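Down below is the structure, laid out as structure tokens.
Chains: A, B, C and D, in written order; residue numbering restarts at 1 for each.
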Amino acid sequence: MTTATSHATGEVTYLEAISQALDEEMMRDERVFLMGEDIGQYGGAFRITEGFLDKYGEWRILDTPLAESGFVGAAIGAAMMGLRPVVEMQFADFISCAFDQITEVAAKNHYRWGAAVPMVIRAPFGGGIHGGPFHSECPEGWFFHSPGLKLVAPSTPYDAKGLLKAAIRDPNPVIYFEHKFLYRRIKATLPTDDYIVPIGKADVKRPGNDISVITYGAMVHLALEAAQMLAKEGIDLEVVDLRTLAPLDKEAIFSSVHKTSKAIVLHEDNKTGGIGAEVAALLAEECFDSLDGPIVRIAAPDTPVPFSTPLEEFFLPKTSDIVAAARKLAAY
Amino acid sequence: MTTATSHATGEVTYLEAISQALDEEMMRDERVFLMGEDIGQYGGAFRITEGFLDKYGEWRILDTPLAESGFVGAAIGAAMMGLRPVVEMQFADFISCAFDQITEVAAKNHYRWGAAVPMVIRAPFGGGIHGGPFHSECPEGWFFHSPGLKLVAPSTPYDAKGLLKAAIRDPNPVIYFEHKFLYRRIKATLPTDDYIVPIGKADVKRPGNDISVITYGAMVHLALEAAQMLAKEGIDLEVVDLRTLAPLDKEAIFSSVHKTSKAIVLHEDNKTGGIGAEVAALLAEECFDSLDGPIVRIAAPDTPVPFSTPLEEFFLPKTSDIVAAARKLAAY
Amino acid sequence: MDLADVTSQIKRADLLHMYYYLRLTRALEDRITALYRQGRIVGGCYTSHGMEAIAVGYASALERDDVIAPFHRDMGAFLIRGITPGEVLAQYLGKRTGPTKGKDGNVHMGDLKRGIIGFVSHLADNLPVATGAALAFKMRGESRIVVAGTGDGGTSRGDFHEAMNFAAVRKLPVVFFCTNNQYAYSTPLRLQMAITDVVERAKAYGMPGEIVDGNDVAAVYLASKRGIAKARAGEGPTFFEFKTMRMHGHSEHDPAKYVPPELLEEWKKRDPILAAERLLIEAGYGDETYFHEILERVKKEVEAALEFAEKSPLPEGPEVLEGVFATDADLSHQATHSRSAA
Amino acid sequence: MDLADVTSQIKRADLLHMYYYLRLTRALEDRITALYRQGRIVGGCYTSHGMEAIAVGYASALERDDVIAPFHRDMGAFLIRGITPGEVLAQYLGKRTGPTKGKDGNVHMGDLKRGIIGFVSHLADNLPVATGAALAFKMRGESRIVVAGTGDGGTSRGDFHEAMNFAAVRKLPVVFFCTNNQYAYSTPLRLQMAITDVVERAKAYGMPGEIVDGNDVAAVYLASKRGIAKARAGEGPTFFEFKTMRMHGHSEHDPAKYVPPELLEEWKKRDPILAAERLLIEAGYGDETYFHEILERVKKEVEAALEFAEKSPLPEGPEVLEGVFATDADLSHQATHSRSAA
């Protein structure tokens, strides 16, 4: 397995960045422990905790029965008693089984009676891997509408590591949406020193002057691709990576749109009631005077994630969708 | 109890309208049956099914164990086998316990393998009754982001009866949000004939020319009150009652805003990620050219519903909020 | 329970302590009920009337650093863990001096400093949470334990199952109890489960279970002591079924016409306070004069508490916006490790 | 099982029918595995290899109008209920001719016309659904029953508990089974539950339970028949624990290094197909020639099926948008009442 020293060198994947963050936080703080299905000997469905069992033992790498509500509830209790649980959903889709514990217990405890619940739920989410309706979901929209929860969704190895560390150190319940499609597809060289990416701060992944593309997760890469293509046509996209979905970095969103006057809101989640709706609503509310065109949303249609290849391809937002929308908006 | 013939005469409350709809549908169609906690001998926490047990027996008025996921799941199975279950949540808040069954099973079955799930979940929702964080919630925002579900939320006895009948006759899972605050507070004389209010159709509760207030549930009455006050100042509000929350009646929303050019989106649910965000986003996307001012959202702040009277008063949107926002928007 | 068993196993002072809390619970809840009838209470009103022995019994069996996850009829446990009658009444009146500062109501009182996990309406939700607290104690090698409860109704929920199973698999230091008071709201046991004793549920988890007379405070206390000792010794969880009867409606608004009057008559004879008094008399630990004294004392305490609560300020509107998220400072003040250790 | 018991209770034709389906299941799943290794399958690949007797046994015990809610290793049940190998392979290849028309994958096949409730990934979610189907049959006075299954892992979920309890309370015509194959993914039983026999779980619901050799198709069949007969007679639900062993990884991508090789060795000797062949020989119902014939036959069927599947069209992109909501017409075509009645 990776060790703290080996973390320093060479390029790492998005998946390895997550693994490093967990390892380093566990070494830094003995209160940090992991819970979930098959995370021990097996190293997790995606092998993110491979080797952790040997290093940390079966209490800090705690294999649970198949019971998401039960182990999320247990994480809440452990967090209140001073531990720092990091719970793994085998797939983000199964978080629906723990919905009640997350929204009614974890999210509300501090507000109701002052008990902080410092815990993280890791949720491997998103499509593009032929997972079908139950292994490809983007459940962030549900939790976005639940005061008391923080939501993050990194798009790069750097952010993946830094946001996970920040999430573990946060005094609140944080759902960490890690995009399965990115696991082994992107790489980067990371700083050798300990660092965090602060929760609540968006990041301009590409500055531009004509249109703001506000997005997160795997879609960031599509937006960057589209930006590159459009640059040749003289359309200059600014790509704003939200990184934190709740609470939204309104300042960053507004300041981008104040500059560009036009906005495309992009996500892989279903369109209706997605986080993009809130971003668009905020812009229509707070930046109305700056807007030089309609706010365009690009998102998956309002259906479950279909299984078969041509269906999933149709379902997922594409670079060409962004290009087409940007051209139209630029001409507006 | 009320009987079919007694349904014809006199004013009925919102609560009685619901009760009538259930009774008439049960008489009309022997496949319709009710499930839930304490709906039998006790007649339900709000006494909506008082007397039903004697009339329909303990299988059609089926008292369940305290297990929301279990009985919603059972309703799904019964619906697929040809029955028409109407499930009562004792309070809408407890629907979180059945979240997984609703979003993963009921919502997706027809899409995935063609099995229609004709069922209704009645969810008594909303605040203003000193219920605190677990007896006052507006959970519609969560389900709004779940393709395959229909959501309705009547604001009057007429709509309450007509929408419930339509929901029971619909071939899909429908969540029926009935506002507890309205139960005994509003009355109306209803038609003597069988009628439905079609799902998917908004209703202009007050025509006006200056500003569209797009809202639903108990807030409709605040909007009407505000409209009355503002009329004296020469500000003419149009009050659009969505009635159906999913799928939204886009045409009605757009045509109102095409006329007025200004929109206030109002709901009792938390602001961020609420249904109002989608309405605002749709307007910013599709009616941009018609808009003569920012889209204003009025909603509860992003907190759980607090218990103590001054807190709950502060939390809930007020008529004065609408009046103030409308004045400002009118002057824009 | 047998007199000799009681006197040999429970100290006089402990029994008198429990008697006091039985009386205090009853006096406080009776006052709350009266206030409710006068329309002075905000929200609903659930009491433990006739079931006081359960909370008083188990909470008396705890050590200071232990933690409870009470259910909604455990007033005695709140009091024994140190929430004052004044705070309780402030909570019921929505005052800022209540444990939730007006954010939540009635029995939804939590306070980590006093080892109380705040009740969540959604029944059984706190059982998994309790297993997590126990897990923390076990992982840190502390000798603390958790006692977590539910009603008969709550045992039908999936979270009950998932919590019981997890606790058993990991041999966590937790004691579960079920207050079997024959009804869940209006729903009788026969419509809730196809077993007659809730304790049967424990078999599904390989967990030892025991039926205990929930109206006998000494029996509840001694059973809890046994379960707690086992949990503390690393022998894992135990499940107790405390048999009792709900003597009022589900909440005070409920006339409970669905309960056969004979059943109430029968259980009235087994009132836990009367039973405790009989026991104290037999043991020679108390007499009518003493009981009267205590009664007067708790009445006075409750009236003083009400004065405190009534004089307390209501929260102000903008406080709504406070506390959705915890800060680092909040967290660093959070009582988590053993108080003795700290 | 004892030979005399088998031959006295099961007709020769029925046993041969089961043997055929054991072989067909194995051949089909072996083919799917091979395709998976060639990268020709869309998505994951879970099989019932070494556990085929369970689905074949219970599905053979059903009447035409009964309904199943299978779990994810019940290929034999799909086949017996009438989903053709061609449709199965079309499903695995994401073709429009599969039961979900490409909307969903692999074992997520449902078809009300054939009495199959489509599998949902979320384990145990379909158990409450199955109780609802049984409720419909009971309310309409039909003599139909439901068989619903889960793995050992799935019994840890709350929905298992809520379904079992509800079925027992209302004495619904449903038979529950658990395919106890020792592991949930990589998690051994000892980390899942503190009991050694899953059947203990039934006691929590006052439900009769039985342990059955899941590798003996005759035993599974006869046990299912007993449970089904009781359910049909209005005597309520039964729970069967079918003991078996998962012989491959959780899915074909999983080398299952966490399984001790001895365990696999031991269970390999108990392969359900070999066991069935021994039984058929002993009973004089079949011999090597016959077995060979069947083997050849199912291989051919599978190859023809693959040809069908491969030739079938993929769905087209815009079909994504179809079917989110059902129409009145969809509903009126839905097979719900007994097929005999219709």
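Keep in mind that, in the parts below, a residue touches a chain if its C-beta (ideal position, glycine included) is under 8 Å from a C-beta of that chain, and two chains touch if they have at least 3 such contacts.
Model, not experiment: these values are computed from the prediction.
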*Higher C-beta contact count, B-D or B-C?*
B-D
*State the chain with the largest centre-to-centre distance from chain D, centres being mean CA positions.*
C
*Mean-CA-position distance for chain D and chain B (Å)*: 40
*chain C and chain D, separation of their C-alpha mean positions in angstrom*: 45
*asked:* Can you work out the whole-Å distance between the CA centroids of chain A and chain D?
replied: 37
_Residues of chain D touching at least two other chains_ = 100, 103-104, 108, 120, 122, 156-159, 161-162, 165, 169, 191-193, 324
_chain A, residues touching no fewer than two other chains_ = 64-65, 67, 69-70, 93, 96-97, 100, 104, 108, 111-112, 133-134, 147-148, 302-304
_Quick check: in the complex, which residue numbers of chain A touch chain B?_
93, 96-97, 99-100, 103-104, 107-108, 111-112, 133-134, 141-142, 144-148, 246, 248, 265, 269-270, 272-278, 280-281, 283-286, 288-289, 291, 293-297, 302-304
*Hey, which residues of chain D end up touching chain A in the complex?*
42-44, 94-96, 100, 102-105, 108, 120-123, 153-154, 156-158, 184-187, 191-193, 254, 258, 314-321, 324
*Provide the residue numbers of chain A that touch chain D in the complex, in ascending order.*
37-38, 40-42, 45, 63-70, 90, 93-94, 96-97, 130-135, 301-304, 306-311, 313-315
_Which stretch or stretches of chain C touch chain D in the complex?_
156-162, 165, 168-169, 171, 190-195, 200-207, 236
*Hey, which residues of chain A end up touching chain C in the complex?*
33, 59-60, 62, 64-65, 67, 69-83, 85, 100-101, 104-105, 108-118, 147-148, 150, 171-172
